[in-house]
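Note that chain A is present in both complexes that follow, paired respectively with chain B and with chain C.
== the complex of A and B ==
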């Protein structure tokens, strides 16, 4: 699908319509959703006492919601006791201000980021870039879509819409690897990305990640991944900032363990992801590595207001395994971009409806066949169709959503702007072009997300290119 | 202030619509760690492309580690200072240059990183590495090959053993260790065309040596 500057949840209908006619996209989606469902199915088949584990995982998440304010206060106390600086952000603007403040405070020139939907949600990258820092997405898929100036298309596999030849072309252009052929193998492309990003990890002043869980009783943040980029981002740079949406807290390490039993299996069919990090405070005085300064940003951005709705708050149970996306016939047909926001698929339609302004998301709850595949798939027992019905009722009754004035920023920040910038950058990589973009209000220009840092070609060392030549393209 | 506003909104929400959590079912019994534990561990590691070599004594462990270094073509290594007693890993790796694990920049030059696991989980094949003064986190992360020693007594059933293990590691102030990593197989990605590649940012090779005696 050709990405245009019109992608926003507001245009969900039209975007879906177009996406469903895109044969290439359909083939890619078909491949990806089958791949994930196949792996997951096999893992769950072999998972002894599966339903009991699912029930315990649901209970851990329900417990978190039932005691949310108390647990957040406890988290603040225990994380502070461990030496982590805890910050509270009511909305995206405050979240950005906190993180950019930290970046400026430590004079960050190079920022490395682990895959995180919540930093996407608050459009952190352009704000960090506006401080003059280079910002690098370091998850391989995220790195690729960043180079391409596109948004990620799937929670678990951000660049499933790109072929190896697409990636080779991108690396050729953006990493200055002029002799890289279209037939470069996938391991070769992966190695090139490893080299390019290794350089950035070692030079980075600041690592920014999301959070899979934060443990109230111990003040720990838990990060789950397969590549090692999140470990790199928390181990090498002197400062680490973890940004969490507030519902990610859990009460105890026991609850975290119950969730870790289920999350990797449901996400990728793994018994455990390659790396799980449990970080409690910054490195101790006698340690040789790890961040010397640890920050935790607790972000609300509309969630706290959802807790009062006994039906819709179920959406806050989600731990982002992505399984409901793959199971959804609508997602299988239209893919992630059509939803027009950070979150896609069944849970994405729900979250966007809850967190974004009503007038932008009114079509989302109708993009659902009520088949119930999502509900059946969700290990946490979220009843998506029931939530969709509730949202449909609200839309039809003309009721406003939960949005308050504090979240108005998100209203003015559809995916459209990010994509508009991506397109602009293809012509002129300089940010100062932005205010002149047609249809882009100048006041918003500084918030516009660019996934493509300036001066890209010169951002990588000559060694990277030379290293490749020396290896004869291997 | 945002903090107060957020907490107040949450409290108001729960007051308006209280949320009670039904008692969850009991956690299913964990796998028993019996005489077949090494075989179970080897079986769960195999699909992850991780080979488990079990040593009966320190001399065998040294031979295994030397074999691994040769097979992986390593010319240099760095290791945790802290190692299970009775193991002379520097003698085992005498042909290699030992580099000091001072920082990430230093470790980026190293071919092989040697650590030991405070626990290994049979259910998932996960190694539990706990960072500390003598145990830098990057030794298991930056070199292309990671070799991990797993003492017999450290074998545990699954991740439900983690809270207790962590509690035992609390410092005098009650703080948990700054970093615990579960390492399950090599670094991996399937981001390009869903084709699995080992070794994207972390080590592409993980080798485990089981220490099958009472340390």
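== the complex of A and C ==
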């Protein structure tokens, strides 16, 4: 994974602390995440046999992971048979080289893109621009963050952190629309973006998209969206490249259908997204539209290693519905950018920890209160808190956190524990000195500053004993 | 019925009132309460900071302390959950694993336990108050606190807009991410206060400490008796007194 902004997961703690002070950001996030959760809740309420469907979706993903190497080979065979050119990319650099190679090969001057996290992951846009091509994000939200020069901040709602007025201001500046008012409606803004993008679609030489699912048995690529721009990116330009991370494969069209029943409901609260495209190979002789040349890039970028871990591989079940982000109180408070990498929220903290260098992601698994809202929300039953704990264990690797270690020692040595607490009680019963003890994290000072600690009192054991003695004596 | 009381370290030294109220309620409901000596901590802190070896050492200690068969009752959802996690810390097939499974099978969170006693949920308690309940994510969705409180005569049970949303504590989280933690806490505190309650109630001591400590620091907690554990509410309702006193003096 490549970092696309000045934010980095290395500074996750500082970035989140800063974000949580940003009142405007919090208000926008609060509104947007409630909106998504509300729509989702209503859709799931009306979803008959919901648990059965969730179980089928989970089972489709489990099948995919347990048979991954076979399914990928099958996918290559069937996609090739349908006329798609299949490429394997071991890492981000290879992925970029393959796509820029295709762009150069077809002399691409204008590239249109459908929303895709995986191309963000490999930082494809700058590489394509370096070939001299113009690159246009065509999803409305992606288009907005592209104009703003920012990375997306949510898996399915890239500009969730922006208000309507932010967008109007951006369009005034970047699209030369000096008269646009801050109170322009969302349909108005959409229309303006659509006008700007329509020309790009018609001029495009190459369309690049991600993949929601790739079907091993048929060699099809499935794309799910609401704006129609992804379909246009695959049909207007003469050449289409679909980029997938390797876990996106599913065995059969039936498995894909099981996932499609759940994905839109969980993501946007829709029974079905407005557009679901199933692309099998390039345009055939008797067909009127579609790309003349179809490519599929299958990217590993660290995933085979994740698959080898019997616990952590569960993170690869994810089909990116984004629901765990919306349900996470931490995400609701800090937004996506604070995570400093492409994937944010609970699943993002997991994926980034697994795919990025360990020394850059030490803090990510700790930015979680273990409340379990994500686990409860995930339609595929991913147990994020458990995976977070596993990652914490990995980060500590024999060097436990200072506080944890001191506490662990004392707690398994009852006498030492009682002595330590007794000493503290004698010296500082209100715990006022606590924040000033050397070696303790500065967070403790903030903690005590904002919360009156209860103080150390005569212990429960002592009071119980005294009470019972009195009773016995009476 | 004889039970062994497991007291969280936070309760032992900082919130003893909760433990004393739990004893009073359990005895009133006919239980003989043992408090095995030598208790320290369930190991949650070590476990959640990634120190599995430390957690295992503490689990072994707890296995010794609670070696006697019979129900173990704990007035904290998160510590109860930790005891139920012990089997995960040991190799299946080993003696310690078997002991951990056995212990996990007989530990109950206080409200769950009380709700399973004969006569539950209406034990005839009465308390005229508006009580705002923080459910606590640590109780894993259990509705035992709501059911117990609803059965108290005169008590109006109020729930905030997002009843299960985290209060922002998260142990080490609140020290490593103090500003984020405080934002969550402010959300929680204002949603609770918006209910205009007489009492703030939770079955989780750490959440209660977090929320009430914040309100107290900011002068928004009026009256020391306002923040109560469910055990303390039941104590008041059944015995008409707060055995052990209020959390805040």
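The rule is short, and it goes like this: the second predicted complex is superposed on the first by the 391 of 474 C-alpha atoms of A that agree within 3 Å, B and C clash if a C-alpha of one lies under 4 Å from a C-alpha of the other, contacts with A are read in each partner's own complex, and residues count from 1 in each chain.
Note that contacts are C-beta pairs under 8 Å (C-beta built on N, C-alpha and C of every residue); 3 or more make two chains touch, one makes a residue touch a chain.
The shown structure was predicted, so the numbers you read here are calculated from the model rather than taken from an experiment.
S.K.: State whether A:137 touches chain B only (first), chain C only (second), both chains, or neither.
M.R.: Neither: A:137 stays clear of chain B and chain C.
S.K.: Touch check for A:254: first (chain B), second (chain C), both, or neither?
M.R.: Touch partner of A:254: chain B, not chain C.
S.K.: Look at A:201 in the shared chain and tell me whether it touches chain B only, chain C only, both, or neither; answer first, second, both or neither.
M.R.: first
S.K.: In the superposed arrangement, which partner chain does A:330 touch: chain B (first), chain C (second), both, or neither?
M.R.: Touch status of A:330: second partner only.
S.K.: Using the superposition described at the top, determine whether chain B or chain C touches more residues of chain A.
M.R.: The partner with more contacted residues on chain A is B.
S.K.: Name the contact category of A:367: first (chain B only), second (chain C only), both, or neither.
M.R.: Second partner only.
S.K.: Once the structures are superposed on A, label A:236 by its partner contacts, choosing first (chain B), second (chain C), both or neither.
M.R.: Once the two structures are laid over each other on A, A:236 reaches chain B alone.
S.K.: Give the list of chain A residues in touch with chain B in this complex.
M.R.: 31-32, 35, 48-49, 52-53, 55-56, 58-60, 62-63, 65-66, 68-69, 72-73, 81-82, 88-90, 94, 138-141, 144, 157-160, 162-164, 167, 186-187, 189-190, 193-194, 197-198, 201-202, 218, 220, 226-229, 231-232, 234-236, 246, 252-254, 256-258, 260-261, 270-284, 286-290, 298, 300, 304-310, 313
S.K.: In their shared complex, at which residues does chain B touch chain A?
M.R.: Going by the criterion above, the answer is residues 1-3, 5-7, 9-14, 16-17, 19-28, 44, 101-105, 108, 121, 123-126, 131-133, 136-138, 141-142, 158-160, 162-163, 166-167, 173, 175-195, 197, 199-203.
S.K.: Which bits of chain A are touching chain C when the two form their complex?
M.R.: 13, 16-17, 20-21, 26, 329-330, 333-334, 363, 365-373, 376, 389, 391-396, 398, 400-401, 403-405, 407-414, 417, 421, 425, 441, 443-444, 446-447, 449-461, 463-464, 467
S.K.: List the residues on chain C that touch chain A in their complex, please.
M.R.: It comes out as residues 7, 9, 11-16, 19-20, 23, 35, 37-41, 43, 45-55, 57-58, 60-61, 137-138, 140-141, 164-166, 168-185, 187, 209-210, 213-214, 216-218, 244, 247-248.
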